[in-house]
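Going by the order they are written in, the chains are A, B, C and D; count residues from 1 in each one.
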């Protein structure tokens, strides 16, 4: 049963991710008094891309063609170890939270390499900026993970969530910092406003889109899909790491149903939050980003220190 | 007390004083010829005092060293220097000392210093003539002072030789003579040294056509 | 003990014969021959000592113990190899028209005379004779320094003569004081009063006041010959202006013998004085010389001056080691005397060839030796590495021991040593590298060079560094016991 | 004599033999003479000899033979290492060399065995790569010199591992330095390699002196020179700290720990590439070995302050090292700086271990130490691979500047593929070996909770934060390297005409470390099992449960706390990849076609439009501006007098490290100046000199009386 869940949850990720994106768009449009596309629009886009023929640039090497698969696989593996509707996930033992960060890095690396493969100015630009941002976001992420792992005494995600769940509602200063940091990191990593603008092309400020500019057809679809999964993944992380309540602890149907409902609601709420922020904030200049991220880094380190200073006792 | 000594010993003391005096004279002397002359006198005094000690202490082998010093220090070397000066017609050359007063005072303080240094030695000895050792040390130091203050090669050689005199004096009077082999060796060395000095005068002369040693300062570590 | 007579006789007669010998290349061969003979005799002597132990003979006038026997062999060996080198070198100078046959004749004669004085210094048991021989060494070499008759050469020779003369005079005064101190002790016959063995036996009875003053004079006297700062000023000039073989033997032999004399006197004074005063004096002088020379290495223009400063630096290190006086340090000092004289003379040989190759001694004119004449280039490079104390060459072992010994007894001095060695190393290599490395300068062609001495010396130093032969080890140990009072290792 | 020690000594011997044999390269006449003497008796062999001595054949043979011997030496080293890791017990003996009472002790235990393994693998790779690579020097320079000192260098490193007394250790250590000095100076026609070699040897010397003095302290208290004596020595905390500081300075200098690293980025690029691989991949590890041996084996006990210092230095080296690496435009120089970074990571873990051991947390300490050792091994592999790869590029294109490269993946596909492995593992991405060691380091840092003192508890995670930053930056750095060098369009004509390596040996030399990176990344457990033994043997701390969960699982502090199974990860990754592949190309696949890149419709794409290496790292240059000693020039050519129409812009930058400018240059200047001042006292006037001796005399007389 557990292994069934282990297979099922990634699939669930794959299925739900576009919906989440659609929902965010929907909320955003509403906030901006625009007429929203249907929630299923992302699925339609994917299907459209699916039937289109793929055009490979002449200068493309095998890296370019392999990248979508590798990126997709890496993100999927990352998804496979994050409890979605139920904890005590067996796969979480295979690879702990550091490995998850590693998977993100792997995906990013190949994304960047693919961006540089063609030799266009945009590709290089996106690559450079992506690496710059990630080189500051990743440490922050790791520090958040550190904080969690230190208080939970484990780096195994599902056990960590179990621990938070069992210890009930404890007001941990460290978690507050960590949560804030993780949110900022999530915004940066998933290329949302104010760091990057998923809706733009041809702007000199774009990052993620610039790297996948040369992709078309299915490869593009795969790339998009992967990024949607990544977005959802961050959402789930935030939701289940800090508010794991009502996540299923056994595999009885009602528990699972409860868990599913819970996570859906949480994600919905989070995306409303995200939509709000994206509506209110304007996109930053690229060199303002470092301040944003170093703030995130600072928060995460503060979180960890506060954990050590305020929460660990030796009698 | 001096008057407690035998007349010979008093004479030795007198000699010692005279030798010191000659050193001072050299220090003040600016004409080369006279310098050599004074040096010769010192040599003679040296051999005389040696002979005196030999006689008073009845040490026959000291006569040999007396003779040695008479021949080498009193006659040979001064003659050689004299001939050199004549051949290089330096007899008019002056080697003036700057601040002679200071030099003389310095010399005097050197005598005091050498006495102060030799005090422990003098105390422990039974040998009365021993305090001449401080005199010989003074002669040595005065010789060095002479070499430092003079810039003429001949003057430096004289200084060098007077250092040798001081040593010889110490060897003879205060230790009543070294083993013969050593003395012979020393004498031989001094002789050869004198010869080599002679050679050098010509070499220096031919290379910088003067005997002013201050002109010999090409080799130095000072960055131009 | 016949060996000793022969060792003294051969170079003496040699110098006389060579003085009468007109034909240059015959006298060159004779020179080699005499040195070969004396090397043979010295080995004979060494074997004799090895079998019988210390020798004291001919009215106690000669004394061979484990401290000087290996120095005798070393002197003979370096004398021979340098003679081999000076053959080729002097030939070149002669053909280059730098020297006349008369001076060549004088050179060979003086060479043997110098060897004679060196052997006398080492073998005699009489401190007075030791002084005489030491002065004789100056007299023998001083006219070699001015061999080229250039103004610089004459100046260098003059300084050498005056400074060493005055210095050695101090040593004589010290000797006289020794004699005087000995006379004060009952039961010492005046004619034996200057014998080192006698003095050493009765050292405890000698009057400390006199002895300390005597040691000051001896240290200044022989220290001048050894090139201790601030008495060193003649040394770089003499080394740089004289013919290179002479620089080789000055650095390789004369300095060693001067140090030998100082150590012999120290052994006497240590016994009579309760205090460690002589040690401190030597440590002070050694360290000062070491540091000053190390710094002065940095702005040298003349390749031979460069290496003469390195000699000063090493003599300083040895003096320092003997000054420490603990078994390890003394062992290191003895070992360093051997390796340094071998290495340094080898270096001077290569330096000689290098300067002949470039036609000048100016460092900035000597370039790309490795490409011009690999043998010389590599010889110079490896020799310098050896002298800089890199293993597996022997110099390393002694520096290692000195450092350890210092850290053991005077740890607060180690920073100075550390800095000094670092600075000296930088000073050597900043000049060395441009000379040996770099592209081939145009218009240079190889000369006929005799690298056998270099190879021999460096191989020996390598051998000593990798494994010290047992008999040498024994002698070092015994000598250490003699000097420091207990066994090192 | 035990088997393992025999193998070890044999491999030293082989290295020396290779030195000798390559010396024979330039001594054909001698060899001919000898062989003719040997085979004089039968003419049939003589013919063979003659064939062998036929010049071209002889040259080729003599080019290959030394490397074969090196390979054998490497293989023996690996064998030794494996036997030791499999639990062969340590062996010691005394060689008949050295001074009386100070003869050479050798000893082989688990630690040195492991480092034999670290040394052996790159050595084999280099010996495969070498013969092809050195061909380019064949007519320009003497291969005899190169091979001779390579052999000595390797022998020296192996002897360091074997040494069991201070004297022999220093001899081997210095031998290693000197031999590598000659290798750095090998291309001495270039002034920069002369400068590099000088700086290198100078710092090596000073470092060695520090080590000697450190040993001096131990020897003084132990009254004996051999490590055996020293192990039991009792030291006061003060002296222990002095010894430790000296050791840290000495070994850190060799390892390239900041701020003592200045020689490293100069020396490594100056040497021929296979030598750079050995220096960076192996020699630095020897320094690490020395430091571990010194502080965990020889020093009686450790103090947490040391750990903190080491950690701080490690963190600084790691972050600054990678930041400087990011701004390099010369590939080999970049790799050198990245070595500084990796050394920093290793020392960070060692410092962590020191902290833990000093506070009695031997479990966690052992874990940190294990991470350090593992990372040493990994770094040896991928840095060798990367340097050899750089060598391959250099060999094929004679180009070292990243700014000129590009698009090599289409011209040198095999090299590119192998280089990618190195890139990914040095960027510590799963499931490659770099990630494993980083993961273990983090796990060790997570044990900070057990520490009693709050200061340490907060210090350790801060160091971990530095580590995290380093990891991310190194990923950025090596993505840049790969993207600029291998991807995109060639930035210069000679790169455009590059050819793939033809020499099989060179490819094999690249393939071996690449394979190791992958295998160790996926199945680290056997190696870690061996390391466990090493650490138990060294510190007595037993890491019970790190490999308790079987050959597939890493559970450093119990399965509950953390677990990682690279094998399964790989399987899952392949599965997911297959899924993606099927989605992409199988299910009713629409066939793709090639077309001109879209590039937002601008068209007319050419190499000049690409981001350059400098441009790629520009944002980071701006963000971390303070740490660089930055010199930028921007000159514009304008077409018209008014200067409105800009026709050409040239931007040049140089980001040097600040230590050189603010630490090294001043020291050098001060020495020269003081030498100059001191020179003044030697006036050249003889009377001054006489005055000196006079004054000395008076002074001394005054002193004694």
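Following the convention adopted for this analysis, a residue touches a chain if its C-beta (ideal position, glycine included) is under 8 Å from a C-beta of that chain, and two chains touch if they have at least 3 such contacts.
As the structure is a computational prediction, the values presented were derived from the model and not from experiment.
Chain centres here are means of the Cα atoms, and by that rule the chain farthest away from chain C is A.
Between the chains A-D lie more C-beta contact pairs than between any other two chains. If you average the CA atoms of chain A and of chain C, the two centres end up 78 Å from each other. Separating the centre of chain C from that of chain D, both taken as means of CA atoms, is a distance of 43 Å. Chain B and chain C have centres, each the mean of its CA atoms, that are 31 Å apart. Computed from the mean C-alpha positions, the centre of chain A lies at a distance of 100 Å from the centre of chain B.
Shared interface positions of chain A, i.e. residues touching 2 or more other chains, are not present. In chain B, the residues touching two or more other chains are 117, 120, 144, 147, 156, 213, 216-219, 221, 223.
The residues of chain C that reach two or more other chains are 158-159, 162, 166, 170, 209, 213, 296, 299, listed in rising order. The complete set of chain-chain contacts reads A-D, B-C, B-D, C-D.
Every residue of chain B that touches chain D in the complex is listed here, in rising order: 113, 116-117, 119-120, 141, 144-145, 147-149, 151, 156, 213-214, 216-223. For chain A in complex with chain D, the residues that touch the partner chain are 51-63, 68-70, 72-74, 76-77, 80, 91, 93-96, 98-99, 102-103, 105-106, 108-109, 112-113, 116-125, 127-129, 131-132, 134-139, 142-143, 146, 149-150, 153-156, 159, 201-202, 213-214, 216-219, 222, 286-287, 290, 297, 300-301, 304-305, 308-309, 312, 314. Note for the complex: chain D touches chain B at residues 676, 678-687, 690-691, 693-694, 697-698, 701-702, 705. Contact residues on chain B toward chain C in their complex (touch as defined above): 117-118, 120-121, 124-125, 133, 137, 140, 144, 147, 153, 156, 160, 163-164, 167, 170-171, 174-176, 178-179, 181-182, 185-186, 188-189, 192-193, 196-197, 199-200, 203-204, 206-208, 213, 216-219, 221, 223. Remark: chain C residues 158-159, 162-163, 166-167, 170, 209, 212-213, 215-217, 219-220, 224, 230-231, 233-234, 277, 281, 292, 295-299, 335, 370, 385, 388, 390-392, 396-397, 400, 403-404, 406-408, 411, 414, 417-418, 421-423, 425-427, 429-430, 433-434, 437-439, 465-468, 470, 473-474, 476-477, 488-489 touch chain D in the complex.
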